[in-house]
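Report on the following structure.
A, B, C and D are the chain letters, set down in written order, and residue numbers restart from 1 in every chain.
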Amino acid sequence: SKFEYVKAFEKEVYLLPETYMVVRVDGRGFHKLSETYKFEKPNDLNALELMNKAAQSVMEKIPEALLAYGDSDEYSFLLQKNCEIFERREAKLTSTFSSTFTAYYNFYWKDYFPNSPLTPERLPTFDARVVLYPNQQNVKDYFSWRQVDCHINNLYNTTFWQLILKKGLTPQESEKRLMGTLSSDKNEILFTELGINYNDEAEIYKKGTVLIREWELKDDQPSLNERELSKRQKDRLRKKFRKAKIQKYHIDIINEGFWNERPWLLES
Amino acid sequence: SKFEYVKAFEKEVYLLPETYMVVRVDGRGFHKLSETYKFEKPNDLNALELMNKAAQSVMEKIPEALLAYGDSDEYSFLLQKNCEIFERREAKLTSTFSSTFTAYYNFYWKDYFPNSPLTPERLPTFDARVVLYPNQQNVKDYFSWRQVDCHINNLYNTTFWQLILKKGLTPQESEKRLMGTLSSDKNEILFTELGINYNDEAEIYKKGTVLIREWELKDDQPSLNERELSKRQKDRLRKKFRKAKIQKYHIDIINEGFWNERPWLLES
Amino acid sequence: SKFEYVKAFEKEVYLLPETYMVVRVDGRGFHKLSETYKFEKPNDLNALELMNKAAQSVMEKIPEALLAYGDSDEYSFLLQKNCEIFERREAKLTSTFSSTFTAYYNFYWKDYFPNSPLTPERLPTFDARVVLYPNQQNVKDYFSWRQVDCHINNLYNTTFWQLILKKGLTPQESEKRLMGTLSSDKNEILFTELGINYNDEAEIYKKGTVLIREWELKDDQPSLNERELSKRQKDRLRKKFRKAKIQKYHIDIINEGFWNERPWLLES
Amino acid sequence: SKFEYVKAFEKEVYLLPETYMVVRVDGRGFHKLSETYKFEKPNDLNALELMNKAAQSVMEKIPEALLAYGDSDEYSFLLQKNCEIFERREAKLTSTFSSTFTAYYNFYWKDYFPNSPLTPERLPTFDARVVLYPNQQNVKDYFSWRQVDCHINNLYNTTFWQLILKKGLTPQESEKRLMGTLSSDKNEILFTELGINYNDEAEIYKKGTVLIREWELKDDQPSLNERELSKRQKDRLRKKFRKAKIQKYHIDIINEGFWNERPWLLES
């Protein structure tokens, strides 16, 4: 029809080839949402496990996602460097990840919050973005950045809430008490004033959650550079990926050892 | 931390100011999904009304959306030309619309398909994109394009399925029968061979659905150019938008009359 | 060859259709360059006329440029809203305008500065950018912005240098004297202390220079919407553009009258 | 002024950090230009050396350019991976390279073509683009791609023109003669029919020209990751770069050896 010219106004952004793509989703307005549905403070185990369940489901649906790391209301997914998912179109990536994560989070909600049914006034939704990283060090640093952030937030939140719960401080007093304190100070407050050894806190709170597609490139397998693969080899590889089990950990990913033991994460 | 430099790799796309933004969401793999959940062919009224319900809910959550048009598994939302929603950041727009639409579609599913509960193997998800249009004519032409598309698809699908249902053709035979036919030919086949007057088909199938925020700029109201509004005026205006009723129609939007009667849609 | 895959890393940005494109070139490091070649202060008429010559030559080479406005070391070119120059590829536009402007500026240098030959240590070069404007008001405001800027700078520079030349102030003293002054204050200083009526200054200094392709859409001519033109009609139109004379003015372009008298500038 | 809002329509593209940037300039319409100024066919040594002179001058002006490769009417410049030149703004890069290259090419023209002065109807101009490459292999492949292209074109052009010059073929006949021939066929034609050993052709024609900033990272020097350098260290480094001699070669850059011997090209 004579209206079809409007299609030409669509602008495609094709993301740089051979570059790592990380997609991060983050809950929209979860400060409010965590109050509406009465999440436990500072950490609600069910809320975190529901995030993990949604992320794992996303990884099962999207085989190009090799690794995921999450804490609080966010999750980051690492895609294969060479993958041609959605022809590397940015809007397809952001919208599909946000939509798929949202669908699973909402679907499994009832299993994790059987007594707090969702109400249409406040359904959980997630924004998403893609970030490009040109080399392995950048990718490691990205995930380290998120895990350090998890640690900083969790140490703060733990101390903040324990001061309220155990010492009867008001939120304002607790905030003031922590202003300007270093990590070592918070550890000290927890230990001396509140009788808590921060090291004994649950690993899922301190470290967040890592999901890994447990898959290893064998010597007899074709190289992973998609450019060098035939259509059939690609399909076979994809199938293998899809079958690989996804494992859940609460471990240190800042350490080089983590990456050295799983070379396929960054080489593929 | 020393890892924070990775944040700088995030690239923000701020969409051109004073330009109309249209967000289109489209169901991912609805060909398959419509079979899994046994949608009626060619049109499933419940499926369409669920789309409408989700779109209306999105409009209620996002007051900047003035108009929406949908058919099949897609919906297009028109945002105010001057609006500063998400600072006009593209990834925020695409991911929020896809996520919010998905959340509502899944939430209300049970009301429209009480006998076909969702299964985690195939949850409904939606991609999204933003398209910019610099002037009013472009916007009208965009929505005309979608409505023409609805018409073309519906005329084809109606004839295709009626040939199967009433004349016992196989899908292959029906496809072959329609190859190369014009609209007038299909109307003729429907009328002469199948005893159907296409004009009598339901308006929602022929025209799709328009959702309009019924809101009118009064003379005593401030101009809508956000640049010229104070923070307080903006908030007041936003509130008004939020309160305005959203009406549902199955009417012709290709006609100039549609737009002339609702000048606020393109002027605000 | 097996190396050809690298071509795919090139990213094309196609600028939004039906949107005004303005290309602005600006001299690189002209603060230093104006000292090297001893430009007169605050305004060097030869330098300005060389800018005008280069800009006019650019317009002759690139018929899509309808209007240009320049002052100091910068020039802005307005392109037809619908033009498909370089398929609207951004890098082609910026690099071609900067290159072409540079070539002419250097070529004609000897005619305007016969006694200051160029030295390879400091050749004049220009950066360039494209800016998109969706509607006529934006375009008018853009050019008004540049002319207001010319006025502000010229009033300041005139007063600054006259204080030095006529009153023997050092640059530091002159700067200090003008700190915090309004336009009216500077006019007053010029008039009372320096015996200069700012209104009597040369128009080219106060208003900058406008170059206009003097071309008018006649009723018997095809519409200018390129979409609706055949290849042959387009070529004929382009030829007409190329032939139209380019006129030079030093006039007010902030006034609505300027645009109303030349409707083709914004309608084509 | 009230017009300043238009500045916000400028869109900056900041290129991905830690990614190699290659800027390629290419003569605009050099097919025609080479006829206007009577370049020798198929290779005009003066034209090529003028390209080299312009490229070398660009490298002297822009110390971030480590390497350049050129042939025919094009030149590609490799920038340091970590460099923050122009804050990595794309339009600044393309316009500055095209403008600077153009200025030098035009300036030195008279030294290489003393008998063919430039005329304003056809001044040499150059377009430019930036391409991003995430890793070392991509960069090597990029330059290999250009050198292979040089070889293919030169072998073709040499044979094409020798058939005309020595065998009296018309251009049409020569073109037809070469249609469908492989490299080996052309070598054979040259040798058997035209008495030319392609290997004996000048290296500058067969290999193009490489310009290298001869600079080596010593062990006692700071790392080149700009993030880890203080402002002062950066300035010292930049100074060193600026002083390093630029050497000209006509050698094979496809070979790994070329890169291994000059590790600083890809590591810095």
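Miscellaneous remarks
To be clear about the criterion, a residue touches a chain if its C-beta (ideal position, glycine included) is under 8 Å from a C-beta of that chain, and two chains touch if they have at least 3 such contacts.
If you're wondering where the values come from, they're calculated on a predicted model, not measured in any experiment.
A rotation of 180 degrees, rounded to a multiple of 5, brings the CA atoms of chain A into register with those of chain B. Although chain A and chain D carry the same sequence, what matters here is overlap: shared residue numbers make up over half of all numbers found at their interface. Ranking every chain by how far its Cα centroid lies from the centroid of chain C, the top place goes to A.
Chain A and chain B have CA centres that are 31 Å apart. Between chain A and chain D the centroid-to-centroid distance comes to 43 Å (mean Cα coordinates, whole Å).
Separation between the centroids of chain B and chain D, computed from CA atoms only, is 49 Å. Among the residues of chain C, those in touch with two or more other chains are 5, 9, 11, 16-17, 132, 138.
Those residues of chain A whose C-beta lies close enough to touch chain C in the complex are 5, 8-9, 11, 14, 16-17, 227.
Contact residues of chain B toward chain A in the complex are 1, 3-7, 9-11, 13, 25, 28, 57, 90-92, 94-104, 106-108, 118, 120, 123-133, 138, 141-142, 144-145, 148.
Remark: chain C residues 16-19, 132, 134-135, 138 touch chain B in the complex.
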